[in-house]
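The structure follows.
Labels run A, B, C, D and E following the written order; every chain starts at residue 1.
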Amino acid sequence: MTITSRKARIDKLAENGDAGVSLVASAWRRLRRSPVFLVGAAIIVAFVLIALLSPLLAPHDPSATLLLDQVSKAQNKIPDPQPGYPLGGDDQGRDFLSRLLIGSQQTLMVGVLATLFGLAGGLVLGTLAGALSGWVDTVVMRIVDVMLSIPSILLAVSIAALFVHPNQYTVIVAVAIVQIPVFARLLRGSMLAQRASDHVLAARALGVKPGAIVFRHMLPNSLSPVIVQATIVLATSIIDAAALSFLGLGNPDDSVPEWGSMLGRSQGLLDSHPELSFWPACCIIVVALGFTLCGESLRDALDPKNRR
Amino acid sequence: MSEPLVSVEDVKVHFPIKRGVVLDRTIGYVYAVDGVSLTIQRGETYGLVGESGCGKSTLGRGMLRLVEPTGGRVVFDGTDLSALRGENLRRMRRRMQMVFQDPLSSLDPRQSVESILVEGMRAHELDKGREETGKQLRELLSAVGLPSTALRKYPHEFSGGQRQRIGIARALAVKPDLIIADEPVSALDVSVQAQVVNLLEDLQEQFGLTYLVIAHDLAVVRHISDRVGVMYLGGLVEEAGSDELYAEPLHPYTKALLSAVPVPDPLVEDRRERILLTGDLPSPAAPPTGCRFHTRCPWRQAERCDTERPVLREILGGHRVACHFAEEIRDGKIRPHEVEPVLVHPDEVLIAPDAG
Amino acid sequence: MALLEVRDLTVQFRRRGEEPFTAVDGVSFDVDPGQTIGLVGESGCGKSVTSLAIMGLLPRKGNQVTGSVRFEDTELLSLSQSQMRDRRGRDLGMVFQDPLSSLNPVVSIGLQVTEVLERHRGMARKAAMVEATELLDKVGIPDPGRRLSEYPHQLSGGMRQRALIAMALACRPRLLIADEPTTALDVTIQAQILALLKELVTDTGTALIMITHDLGVVAGLCDEVNVLYGGRVVERAARHELFAEPRHPYTHGLLASIPRLDAPRGEKLVPIKGSVADNIPWDGACAFAPRCPNALDTCTQVTPEQESLANRLLRCHNPVEVTA
Amino acid sequence: MLRYTVRRLGQLVLVVLVLSLLIFAWLHSLPGGPVSALLGERATPESTRALTIQLGLDQPIFVQYWKFLLRALSGDFGVSLGVQPGASVVDVFLTRFPATIELSVCAIILAIVFGIPLGYLAARRRGGWFDNLSIGASLIGVAVPVFFLAFLLKYIFAVKLGILPSLGRQDAIDATRVTGFFVLDGLLTQEWDASLNALKHLILPSIALATIPFAVIFRITRAAVLDVQDEDYVRTAESKGLTTRVIRARHVLRNAMLPVVTTIGLQTGALLAGAVLTEGVFNFPGVGDALATGFRQHDYPMLEMLVLVAAIVYVLVNLLVDLSYALIDPRVRAK
Amino acid sequence: LTGCAQSQRGDQGGGGKTGGTLNFGLEGQPKLFDPFYANEGATFTVTHQIFNNLVTFKPGTTELTGDLASSYETAADGLSYTFHLRAGVKFTDGTTFDADAVCKNFTRWYNQTGAGQSEAVSQYWVDNVGGFADGKDPSLYKGCQAKDTSTAVVSVTKTSSQFLDLLAEAPFAIQSPTAMDKGKANEVKQQGDSFTFPDYSNAPVGTGPFKLAKNDVANKTIELVRNEDYWGEKAKLDKIIFKVIGDETVRKQELQSGGIDGYNLPSPADWSALETAGYQVLKRPVFNVLYLGVGQKNNASLRDLKVRQALAYAINRDQLVKTQLPAGAKVATQFQPENVDGYAKDVQAYNYDLARAKQLLNEAGASKLSVNFYWPSEVTRPYMPNPQNIYTAIANDLKAAGITVNAITKPWNGGYLTDVDQGKADLFLLGWTGDIPAPANWTGTFFASTTNRFGIGNSPWGQQLVDSLKAADAEPDTAKRTADYQDINKKLMSDYLPGVPLSHSPPAIVFKKGITGFVPSPMTSSEESYASVSLG
């Protein structure tokens, strides 16, 4: 073996290409190999696709009472599966499959929006507290403490009950507000850690403007626990929203289907028509599982301990 | 040459210790830096040594106003830094830079080398167009001995020595006058240390820099410094030219320190006489009264050492020492004696488990 | 006959999906009773792995240890886990680098010392406590009685390291391995600890393997020094010979690149170029070749073998000429 | 430590005051409330107006709050409107709180008894089938909505199989009430079958309630054990040749318990939230059911009290956790 | 008018065996056990077992008969009633029931003071009888006189179609004066935002077939035991245990798992399944109405009769009843069922006619009608088993007619009733279960005032309707009165149409197989006795 070829080989080992591999990229590489992540991601992708394509996929209008004539409270009759209606109808004679498919939209919307709002609120509060410290920090953290001193579902229920006219958006707001303190505290914690870190000190020493320090250095480096949390919150917010619907604080208008309220409403029929609860429950569980799996594997991947 | 670039006058940095029932109140202070005065001449290298926790880094940061000094003044090139605020202070930062101990944690892991280097330039409007900046960056990299391919990589892809070079390049990018290097080599492998030390020396020559080098390794400090200050528990106990300091340490602490440094030569090691200090460094939150060193000093004398804090006084030309009995010790009039070790509890911290 | 004979010790780490990595590559050395042996080298050269392999403390999975480690007449590598447990702490003691993280934060110092005594010397808790007090006193911890009920975080760094040493020496092991025992400490404390170790070793006749990257420490303490590079011993000699005439370019380079407190100032340091990251694998080459100022063509083509020269062992195709 | 406790209690007072004001303002701004609860569907606009004035509900909110505060300070939180109309909410709380405590204790014991050992075993067999299986189970446990699980459990074990009671705290048997804790009462009065009966009623709801705490405790234990296993001090313990038993118990588990204890505390505090969903399904007369019913019926004297108590309990539980943390972690026990 | 004094319970009970305990799922926690202060069914279910009234309805019918009064007469001028009391009756505290006790009860009701006068406390009295002894408000009641131990004469200030019926209602049960005195029964207090009741309310003493043994709030159970000294035929059951179970699904599951032997108000959806599984689902005779209320206050277009008629045509009530309501439910043609006086056969009918609805809307210029539509969450009522489903069905119909529907839901007591009362709702779902068969209790209640839920004061006919209802109620002549009410009902459907009557649906009660002797009453649980029930 000649020197050059050896060197070349070693160079290649050392250089790893010239483009440079950012931390995110290396985390991604780890993720791609994790079966947990792949399963979770597959579930999420499928779910998002269904949500986006459901208007095309759904065989019928989810709010049209097409099979109403087969419904009878008196005989506890609910339309059975039949040609064109593979899962039958619900207790209003609406196509159950279509409702399940379209229901993914609401669920996705609730999950994503609640998480986004919670994240946004948490980001604002956490950044304020972490960046400004002093009395702002004290005030923000006291607020956060107060919010955290009420168990989360309870808080969500309280907030949801606050709205005079509950609808799908009030559910989102309720679930989102509950997440704010969690995100805020998480972010503040890592912001404070960042604040004390040498690279932030270096940026200050360089004379980088305070705003730029916060937004270019502290924030981006504090985000990974927040992102992990967000993924997990996606799952919990879907479950929480379902719980709110179950408690009757959800969208009163059920012409727009949503899994949580579909589940909540059909529990009374569990023994005679188990499929009415089974399918929405399954959907919720699988989707929540998908997000949880992704969150967990993301947490692992971003964990500096696993970095090599 | 002997024109002062920075002078530090009685700088104090006291960190409050806070605790309280509903609201925090200050129940004490960590006297991290407690009255240090020194002057660094333009173009020289000033070395600062001392055991860990004695306040070296804090002094360095206080000089740059990265921590707010509780008292005293720092005059940089005629400007009183402590009077500067906001934008003025920010602009002043260009002229004083810092190199850190841990080369990895001092680099933002999410930024490529290029953006790390450009950031400072941008902050001080030194980047003039793409091309010009590109050229500057390449020069900078070659000055610190890195290939230009490094620009697009991320800090975690480099070895320790290379990272330290990036840190140095970052400081150099804004063309500073003063560089404060806080333990620039102590995290590096022995073989790489020398490379960085040499690099620092070369750069000083090339750019006419002034250095404040902070380290706990006396040998390194002595090697690169013109003058060395020895710190103990927040105060400067001795200051001298680096050769004089080694040749004739006057402060008992300096003596002990010098004798404790292992020398890679069995012949020397076998012959050396060591002054072994007993006990540990007292906590800076509760520094001893009088001379801070009296609890461990083998030459301690009754009364005066315990009660009166010695000031830094010039004994020979350029050799200052803070010891009441420096001359007597030098002349052998006072003999060392046994010291009872004093119990020292490191700061006990209340770790409240995070409820979040 | 030697107390400890290490022969051809090789440790390979295997990770799924990655090439196996040889951290220690055919290391051999002897330790005689009462002798102090130094292992020096830069970070990552395999010092700790060597010591852990001797102690049988490498993680159970993902590695492969070959060669032989004979302690007195026993082959340590072929002992079962439980037999090894009986030896550790009794015949073999070990002191680690970071005294804070090496002590259990939630168990009192006293219990951490006495548990060894209880385990290996079958002492009752009370008697063990008395013994522990003596041990702490011996390693120079003031007011040992009180310290027994304290927890690691209540001690200073130096005291923690003393406590660790007390634990390692509790059962008077015949061999003590100290893995960079002073790296985390200040110079003045380092001097105290080194003095203590020296004293204890002489007092008890315990053999000591001193692992460090600080050539100064080795110069003052060791009878024989092994210089490691890339998992292999590249040079071994008694300390006087080694420091007087470093023959391997690596040893030579190391010595030239450390600023010396006693040398006249103003001389430039002569660093070794590159860093450990530039190593190449030993098979079919000298790992140090890319950084070596003396490198020949053969250095990148032939693995240098360990050769015995006059009172030293050397692994080099082109050693540094003896000056003077 | 005392300082710390006092400090936390001080903060609690603050939290409670702020909360009480918020809750009061919020609840009183809601429509319905006492008037419609008292008059029911027979109400007429006239009677509604008259009652509003009679109850002082037309006064400004801060006047009402001030009155409420004065009454609350004297221990009078008002009269329940929907949960148990006509009864003082303090009485309702006192009869219902023991139920929830019984349930929560049962649930958290279940979660601990299964979570910690399984977590420990999973960590020891990291990557093995046992590990993967239990991780999978815990993930699914978190993903299943509690109310659905409760429903399912009840349906299977009570309705279909009939082996466990489907609701309530106890069958209507002749049991003497002493403390309000039914299981305890049975033991105190030696009415064994009363205890047994109450225990049986606890099984299903506490399983439903325990799933999430179980999953969380399991995962934290597993992660903590994995972390601690790699710690230097474990290696030190190994180097001392200690027996595996000592190493595991004293060096690994004791340290791994630190985060687990915090988690247990947090989960205990959060159980009340789970109880809101579970108790309703099992018609379990605890505060969770009272909360759910209270929300449904806008029984706001009840809600005011319960939300406050929930916050207080939550904070106290966390305080307890911190204190117990100090017991096992000497580093926290400072000063 | 003479009622016949004979115990009919025994006959209907058949020969069921005696003894045993009946576990029964009660739909709510009784507020208290003093029926005078109560207003909800759960309380009455229990108190009806503990107490007797002077008069009662024959089991399973709306026909009045004597109870504690073995017979009674109304004076010709309709201003006084004479009750001949049964002899040998004792309260369960051992005191004797006599004319004095009867009058003491009347006096007690009439003499309420302070908080006791609040409509929130003495609702039935205030609603039906009016004011109290202090004379602030006019009262229907005038006085009671114990002529001798077994004759009580009650006088009223004006004739009323419903006074006798009223006395059969649960709140007006006869309680032991001694016990009430001892338990300070009248000490109702306002506390905070609500009222507290004296100890007596938890220790009621009556003459009924059962007595209250235990009210275990902690376990949500109420235990009644047989009154061994009952004056009539003794109860067959040793014990009744009422388990309070708020949720109907939970009640059903508890029945299935054997924890209870029966429960009130099974969800109509479960009826057939329960029957198939061998349970007895006893349907009560229809005695309620569900209507779609139309609020005229906020939405001006709704003041137009054509628009309201359009609504009526747009709703497919046949389908609604068929798909969403229980077996036995009927489409309502007017605001009261057939078995209530004044039912009119030939009212204007509104059969489902979408085209007609659209046309009417067009004519009224309201083709872009937009309404808010309230429906209550968290509640089921006997007349409205699943509000959401009913809402959805109606909303779909209205949308088909081109009406924009905005759903608003609120909890029953959490704003729904309040909002509806305040006229905030354009459309709302509400209904009524009758207390008594007098029409005054029906239309007379719905439209008693112009500021009612429908906001009929906004229409010119509003006052007219109120007046005609008052007049009809005060008419002493039965035949004339019936005709008056029929007339009102016709007008209601043709000229006024303040809302759309939707349905009458029978509420049910379910028992395990083998339980006999229960007679369902049209007036539901407050008039149903468990004395004749036997475990088989």
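Convention: a residue touches a chain if its C-beta (ideal position, glycine included) is under 8 Å from a C-beta of that chain, and two chains touch if they have at least 3 such contacts.
Bear in mind the structure is a predicted one, so any value in this text is a computation, not a measurement.
Asker: Treat each pair of touching chains as one step and give the shortest count from subunit C to subunit E.
Answerer: The distance in steps between these two chains is 2.
Asker: Comparing the two chain pairs, does A-E have more C-beta contacts than A-D, or is it the other way round?
Answerer: Contact tally favours A-D.
Asker: Based on mean C-alpha positions, I'd like to know which chain lies farthest from subunit E.
Answerer: So the chain farthest away from subunit E turns out to be C.
Asker: Taking each chain's centre as the mean position of its Cα atoms, how many Å separate subunit B from subunit C?
Answerer: The separation of the two C-alpha centroids amounts to 31 Å.
Asker: Report the inter-chain centroid distance for subunit D and subunit E in whole angstrom, where each centroid is the mean of the CA atoms.
Answerer: Once rounded, the distance between the two centres reads 39 Å.
Asker: Cα centroid separation between subunit C and subunit D, in whole Å?
Answerer: Measuring from centre to centre gives 54 Å for this pair.
Asker: Could you say which residues in subunit E touch two or more other chains, in rising order?
Answerer: 256, 378, 410-411, 414-415
Asker: Quick check: what residues of subunit A touch more than one other chain, meaning two or more?
Answerer: Where subunit A meets two or more other chains at a single residue, that happens at 161, 164, 248, 267, 270-271.
Asker: For subunit D, give me the residues that contact two or more of the other chains.
Answerer: Where subunit D meets two or more other chains at a single residue, that happens at 11, 14, 30-31, 155, 159, 258, 295-296, 329, 331.
Asker: Which part of subunit C faces subunit D closely enough to touch in the complex?
Answerer: For subunit C paired with subunit D, touching residues are 55, 57, 84-90, 92-94, 96, 98, 101-108, 111, 115-116, 119-120, 151, 153-154, 164, 167-168.
Asker: Using the touch definition from the top, list the residues of subunit E that touch subunit A in their complex.
Answerer: That would be residues 248-249, 252, 256, 267-273, 319, 322-329, 375, 377-378, 385-386, 388-389, 392-393, 395-396, 407-411, 414-415 of subunit E.
Asker: For subunit A, which residues count as touching subunit E in their complex?
Answerer: By the definition above, subunit A touches subunit E via 63, 65, 68-69, 71-76, 91-93, 161, 164-166, 248, 252-255, 265, 267-272.
Asker: Which residues of subunit E touch subunit D in the complex?
Answerer: 23, 29, 31-32, 39-40, 118-120, 123, 126-127, 190-197, 201, 216-221, 223, 241, 243, 245-247, 250, 253-254, 256-259, 378, 381, 410-419, 421-423, 430, 432, 445, 448-449, 451-453
Asker: Please give the residue numbers of subunit C that touch subunit B in the complex, ascending.
Answerer: Going through subunit C, the ones touching subunit B are 42-43, 140, 142-143, 153-159, 186-192, 194-195, 213-220, 239-240, 243, 253-262, 265, 268-273, 275-277.
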